[in-house]
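Going in written order, the chains are labelled A, B, C and D, and every chain counts its residues from 1.
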Amino acid sequence: MDLLEFARGPALQVAIYIFIAGSLWRVLGVLWLQKKPDHSAARHSGGIGGALKVIWSRGFTAPAFKSRTMYPKTLGYALHIGLFITVFFFIPHIVFFKGLFGLNWPGLPNNVIYFVGVVTVAIGIAVLIRRMTHPVMKLISNFDDYFSWFVTLLPLATGLIMPIRFGIRYETLLAVHILSVALLLIWLPFGKLAHTYFVFISRGTTGSILVRRGAKT
Amino acid sequence: MSNIEPVSSPFHYTRGNVEPILHEIVHALDRLLEDDEPTVIDLASLPFGPGELDQLEERLGVGELTAELNALGRSIIRETVYPGVWWLEHRNTECDIVGRYIEITRAPEILMSQDADIGAGRAQLGDSLERPAPGDNNGADNEPRPN
Amino acid sequence: MKDIPTLGDILQARGVSRRGFLKYCSATASLLALPPAMVPQIANALEQARRPSVIWLSFQECTGCTESLTRSSSPTLEGLIFDTISLDYHHTLQAAAGEAAEAARHAAMEENNGNYLVLVDGSIPLGNPGFSTIAGMSNYDMLMETVEGAAAVVAIGSCAAFGGIPGANPNPTGAVSVRDLVKDKPVINVPGCPPIPMVITGVLAQYLTFGQLPELDRHGRPMAFFGQTIHDRCYRRPFYEQGKFAETFDDEGARLGWCLFKLGCKGPITYNACATMKWNSGTSFPIEAGHPCLGCSEPGFWDKGGFYNAVSTGEIGSGTALAGAAAAGVAIGAAAAAMSRARQKKTIKEG
Amino acid sequence: MTDHKDDTGHHAYAEVELDIESERLSIKKPDVRFDRQGDLSDEERVTKAMAHFAKDFGTTAAAYLDACVHCGMCAEACHYYVATGDPQYTPIWKLEPFKQAYKREAGPLAPLYRLLGLKKKVTIEQLEEWQHLLYDSCTVCGRCSLICPMGIDIAALVGMARHGMFKAGLIPHELHAVATKAEEDGSPLGVTPQLFQDRLEWMEDEHEVDMNIDKEQADVLAVISSIEIQKYPDSMGATAKVLNAMGENWTFRTDGFEATNFGLLSGNADWQKDISMRVIDAAIKVGAKTVLLPECGHAYMALRWMGGNMYGKPLPFKVLHISEYLADALNSGKLKVKKVEKSVTFHDPCQVSRRGGATQAPRDVLKHLCSDYREMPGGGDYNWCCGGGGGVVTIHRADELRYKVFKLKMEQVEATEADTLLSSCANCRQNFDDCQSHYDWKYTADSLLELVAENLEEANA
């Protein structure tokens, strides 16, 4: 078994198992904690509707906060959009997902992906610099923040090396790329990258409580 | 199966290697004129799509001079419409192509008579002069014969 | 050795002119992917070269490699056998049979002790010596006996180089490659199923020309022929970069000759010369015929997932395993929540 | 907690001296601070804190604490950070010990963290350090809850974290003192039933209005805050005027009048319940259909949104903030007011507007009351907090910081160039008064209710 076979065979499989088990563990470990009923008289119905409202609306910045958060918000959005495009619109990735889930969708030309990828790496670096220099970020950051950054940027970096090669064999680079994704999958449920799903749970919780009150969300 | 239609060459979608080679030839001609430096392009080392080689050959065209060489199979040495640009095609005794080259030179080396052959030929001619006058033997013996 | 004529002598004896020789040399340069500027050096070397004795052993194989070899055009098989090498033993090609054939092998080994080349096609079964025998001798014994006095061994085809199809899962005969067995001699792998004919002859020509073993990659393959991937040299590469792919074998993309990546082309991870040397006297190669590369010159190509699965696909694992992982997650999550609740109760009580 | 009196060390405050003469009401500035209450050992304090943190580690808190990505955005919403630039005021940082305790004790990965020793136990030093962050520099205004991209209700978490702090005896001296008074005497500011009755009777004369004291049966139970009783007694008269004009069957009860809830502000959940139950019991006793809350922000949070949960089931009456009541009355035409001729701006009390959902009510009132209403830039739901909420206004050591952050509010008010500043929270008003005198500022925060009462159209009565 060579490195590529190991990467896309057992390594990826184990990573997916850990990802699934870890994610359920993390989410259910939260959802199955005690819940207290709310006896207050609702102003509006909160529930699922309220949850969905905030899940959607918190994706946008309130005008009151725009000027003070323009830079980090722009970085944040750009990073997420960049990751989204490179992950889901690079054709070999689409082929990968098709192999896993049987779904197919149109992709973008490689040069567009390379461009977006390089921009995304640059943004990732800007995000890191901000975390390491901004007084607030410096204070509140911990190992999870830095490691999650590393684990997120690694597949991007290993992916972008592939067209350049640096004299390294394609299959080796592909294997390293897949291994970096495996690392991401393994880490995701155990660090802050779990916000992939907690963003919905947290926003939904707030939505169902505050929409019920008619309070600002 | 009857409604399968031939598809016209799809390679108008990609420029392939034809254009880059033509550019390369222009630079090679410059080098030939300025520095007297010849260039050989081995077409076997380049990846060609279907029909591309024919396109290249067509673009270069047929010039004033075409030579045929018979040695270990047939070879064609042809000047293209662009003087100094030669199209060489070597075949083996089975008529399979064994090499295709574009040479940018005043005359390809293979056209030149080689010293070894000249020497051998000269020796042969000398031998034939030292022999009895023609007419004593049959015509076949008079043919130049490689040793 | 002194009675072995040089290649120059042979060609001269056959009445080949200097021009013919130069043509032969440029074809050789082309074959070895050497720049045309090296033709004089090659000419010089070839003039002095003496053709080596070659013993060709065929084990668990399909004769496809020999078939391929017979399609070589530069040099032709005849040219190869008569001019370039002295092929002293080859089941399929030799006239001798039975004990005479084995005697020829032994004679060649004795006469050229330490200098002959052994070419092997087919893998060697280790499971049971009886799985494949020649003249009552197991493949293993014959290989080991023959390589004893060899200068080098060339493993022709993916079976000899990597175990190939006989070695594919579940490998019923316990097939192994030449390299698995021959440790004390240089082994050059010329994989492919079959290898490109010109690559087989090219390796021999290179040995003949320079009298030394070529530079090899990590799988023991000559860099001259296996230095680049099919993908890197593929004329369809621009379509890959533009994101134009054939989705099926009969769609518009397939007709327009778009990239076959999605149809499982192993070009990106396959090192071979198909895209430039091509097959059938330089006519075309599989991708040009509209079929993805199978990656036949790579180790274990038969077991690397389906031929039509794209290189970038991964394995998600079985449904059972996924369900198991999910169940484990649910169980741990429930346990964690229960544990936290119990702990909460305890802390509240203690407080 | 049946033994709370023992572990809160209220004996230290037996001689608490209230200061009801100054602009903001609290206890007199203590000569010696007791910011550690009771005589628990350090270890016991940590145990207490953990136990009462743990009570709140339910799905809601867990969903929030597991979602944080440390983006730091909340700092940009917090008046303390914006005004000082000091990163320790980052809202989520104020929760660090609470979060740490959650991750170690109750989160899904807690067993893993404990096994590998990845999250340390919260220490007494941490808790003491965080007292400043959880009390002096957080008004629980909830502005940060609106900026959080993950939708974490940070303000709600601060409320939870205060529970453990109180039980560990680690809350600011003044807050503990007034909360103890509220629990024991029924008012944080020394208002006894007798004092309340005296004041009502005084206002009855002053405003020539019937105060309906201690009716046996009433549809509407009006409650009031001690701040108003002591500092803004006119609001009692204004309340009576409006209710009488509406022809309501209403009452003030001397056995259930206190709207403020220092159990909530200080973090003592048991006291919060005790204090809420006084009003709930009184309302049930008189058969009230509505409990009318005064101009007090956190009273709205305490009874409107938490009252049912203290009671353990839905309240058998409606809870309305006075601004909601006025809006309904004016919108329905039952109450009519003359328009005032000056320009007006309105300061939203965080707990009523942003957190409580009644942002529209005062605007509806002002639509009827004045022709030149000016919204503050970024006003309404994204309003800057006055800086006095969450009990902060009572804490003397927080004064300098409180004045500093008030500048944000000043800019916001000044930008409107309005003649009059109104609010509907007595606690906001006293903070405005105090800061006004500190800065010698031109604006006084007046009462929305009082302005309505002054401009009632008599014909309608």
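To be clear about the criterion, a contact is a pair of C-beta atoms (placed from the backbone, for glycine too) under 8 Å apart; a residue touches a chain by one contact, two chains touch by 3 or more.
For clarity, every value in this text was computed on a predicted model and none was experimentally measured.
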| item | value |
| --- | --- |
| Chain whose averaged C-alpha position falls nearest the assembly-wide average | A |
| Remotest chain, chain B as reference, centres from CA atoms | D |
| Chains linked by the largest number of contacting C-beta pairs | A-D |
| Computed distance of Cα centres, chain D from chain A, in Å | 38 |
| Separation of chain A from chain B, taking each centre as the mean of its C-alpha atoms, in whole Å | 61 |
| Whole-Å gap separating chain C and chain D, where each centre is the average of the chain's CA atoms | 80 |
| Centre-to-centre distance between chain C and chain A (centres being mean Cα positions), rounded to whole Å | 43 |
| Residue numbers of chain D (touch at least two other chains) | 57, 106-109 |
| Contacts with two or more other chains, residues of chain A listed in rising order | 25-34 |
| Shared interface positions of chain C, touching two or more other chains | 333, 336-337, 340, 344 |
| Every chain pair meeting the contact rule | A-C, A-D, B-C, C-D |
| In the complex, chain C residues that touch chain A | 229, 231, 240-243, 245, 247, 261-262, 268-269, 299-300, 304, 309-317, 321-322, 324-326, 328-330, 332-334, 336-338, 340-341, 344 |
| Complex interface listing, chain A residues touching chain D | 25-41, 43, 54-55, 58, 62-65, 68-69, 72-73, 76, 134-142, 144-145, 190, 192, 194-195, 198-199, 201-207, 209-210, 213-217 |
| Of chain C, residues touching chain D in the complex | 333, 336-337, 339-340, 343-344, 347-351 |
| Chain C-touching residues of chain B, taken from the complex the two chains share | 7, 10-11, 13-14, 16-17, 40, 42, 44-50, 52, 69, 71-73, 75, 90, 92-94, 96-99, 101, 109-110, 114-117, 146-147 |
| Complex interface listing, chain D residues touching chain A | 57-60, 62-64, 66-73, 75-77, 81-82, 85, 87-88, 90, 92-93, 106-109, 112, 145-153, 156, 304-309, 311-315, 318-319, 353-359, 378, 381-382 |
